[in-house]
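If you scroll down you'll find the structure; I have some questions about it.
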Amino acid sequence: MDDLFAFGKSILAAQPFSQLIGAELTLFEPERAEISVLVRDDLKQQHGFVHGGVVSYLADNCLTYAGGSVLGDSVTSEYKINYVRPAIGEKLVAKAMVISSGKTQAVCDCKVFAIKDDNEVLVAVAQGTISKANKTS
Amino acid sequence: MDDLFAFGKSILAAQPFSQLIGAELTLFEPERAEISVLVRDDLKQQHGFVHGGVVSYLADNCLTYAGGSVLGDSVTSEYKINYVRPAIGEKLVAKAMVISSGKTQAVCDCKVFAIKDDNEVLVAVAQGTISKANKTS
Amino acid sequence: MDDLFAFGKSILAAQPFSQLIGAELTLFEPERAEISVLVRDDLKQQHGFVHGGVVSYLADNCLTYAGGSVLGDSVTSEYKINYVRPAIGEKLVAKAMVISSGKTQAVCDCKVFAIKDDNEVLVAVAQGTISKANKTS
Amino acid sequence: MDDLFAFGKSILAAQPFSQLIGAELTLFEPERAEISVLVRDDLKQQHGFVHGGVVSYLADNCLTYAGGSVLGDSVTSEYKINYVRPAIGEKLVAKAMVISSGKTQAVCDCKVFAIKDDNEVLVAVAQGTISKANKTS
């Protein structure tokens, strides 16, 4: 389990865009992943909320981690996301889990929360398909 | 028309996250929007492709612009995206248009292309709902 | 609560297509709904599985009921569905719940199960937006 | 081409649920499919519109046909649909096409129109993933 977590962290560290955003893998075990981001001004949109693109990044990446926990090296094939509240707070946390998996694909869901003054508020919910990566791509 | 384009650019300039990514509004007219990003190393994932989170950001933001072109100040309520090829190239361009619109919502679609050696390759396709922003949120 | 359940049943009874399919509302309470269908040969596709259109109908309608339980008269604005296994069995059961709701919209999810020899197997998962119906439409 | 069309019609004729609904394949060629349904009272919901489940069935099945035109025997893995107007008229027509395809999957989109007094009105738009069927399932 610790090996999986360490491996997951090394992948995130090898993603320059995840480093640019400041993403941190805070949980990674079979069928589950959690990625957190500390809110900074340069992650916001014009109204002071965290930009939807950051929320989407979190959902997308966390879905891939959840699927990857059972499939190995993986990519997100597709997902859909519903934004349910503006993302306001000190931190965002995405929590994804596997709903169903086979040999080459997993269907996962993900909830993204904003943490503000110790309250966790749901800001988005996503569902998508994670596919085992081809060796050639 | 020029006023709309200038207004659109001012909104993108006021989004710190869009500035962090280096997004540029390259077309904005009623029912259509186009946003471009020059590929940089810090926008990539561990295999050297542009990170899916950047592609999602582009689709999401471009969908909002397309919807906003007919609704005014708007937010993305929800969207789904299918990644169809790894994003490789010098530039990404998202092109969104309105499929159907009413007073408070528009359904839009968006295609994201990677430009490599003057070839435009489809990397993702998205569809979503844009909602007129409430004055209070 | 019983009034709500009775009211929900009367709506389903007033939907000719739900009657054609043989759908039955088996649970309806604030934030939750369950709709069941007994599998018949005329609900199948060419391989003998229940047709995806029946599974979609169930997910769509059950999402609307879940949203309608908190919004009143409602319609499904949009949803996405992932089919995870062929639908085989004596009965299908869709179970939907509200994930987040406001005054005019609710985001809900739904799982569709096939019951075969007393085993409940997940066959599809859906997520969508339910909107309060306009009086005029 | 005619062989493909005849083959497509034989598949639809072999789907009992498609027969129950009265679906007709009205176009089938590489990368494109069109399925039509004559509106009957037993396809409606409580307000007299065609039930969303029928619209979903049409989108789902037409997406599968479009994907199947390039992949062979196929299933819909997932799709999302936005309903944009109530389905009112004498006939519904779904028109799907391939957006991108590989060896085992195709991403397709579909528009569903209602025909009323010779006017074609868009009622729904869908996007989804079609997968080549496994011989074993």
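Going by the order they are written in, the chains are A, B, C and D; count residues from 1 in each one.
The criterion applied here is as follows: contacts are C-beta pairs under 8 Å (C-beta built on N, C-alpha and C of every residue); 3 or more make two chains touch, one makes a residue touch a chain.
These numbers were taken from a predicted model, which means no experiment stands behind them.
For chain pairs A-D and B-D, the one joined by more C-beta pairs in contact is B-D.
Between subunit C and subunit D the centroid-to-centroid distance comes to 20 Å (mean Cα coordinates, whole Å). Averaging Cα coordinates per chain places subunit A and subunit D 33 Å apart. Note on chain placement: the centre of subunit B and the centre of subunit D lie 29 Å apart, centres being C-alpha means.
For subunit D, residues touching at least two other chains, in rising order: 77-78, 80, 82, 107, 129.
Judged by the touch criterion defined above, the protein chains are all mutually in contact, each touching every other. On subunit B, the positions that touch subunit D within their shared complex are 80, 82, 84-85, 99-100, 107, 109, 122, 125, 127, 129.
The touching residues of subunit D, when paired with subunit C in their complex, are 11, 14-21, 41-46, 50-54, 56-57, 60-61, 64, 75-83, 86, 137.
Residues of subunit C touching subunit B in their complex: 77-78, 80, 105, 107, 129.
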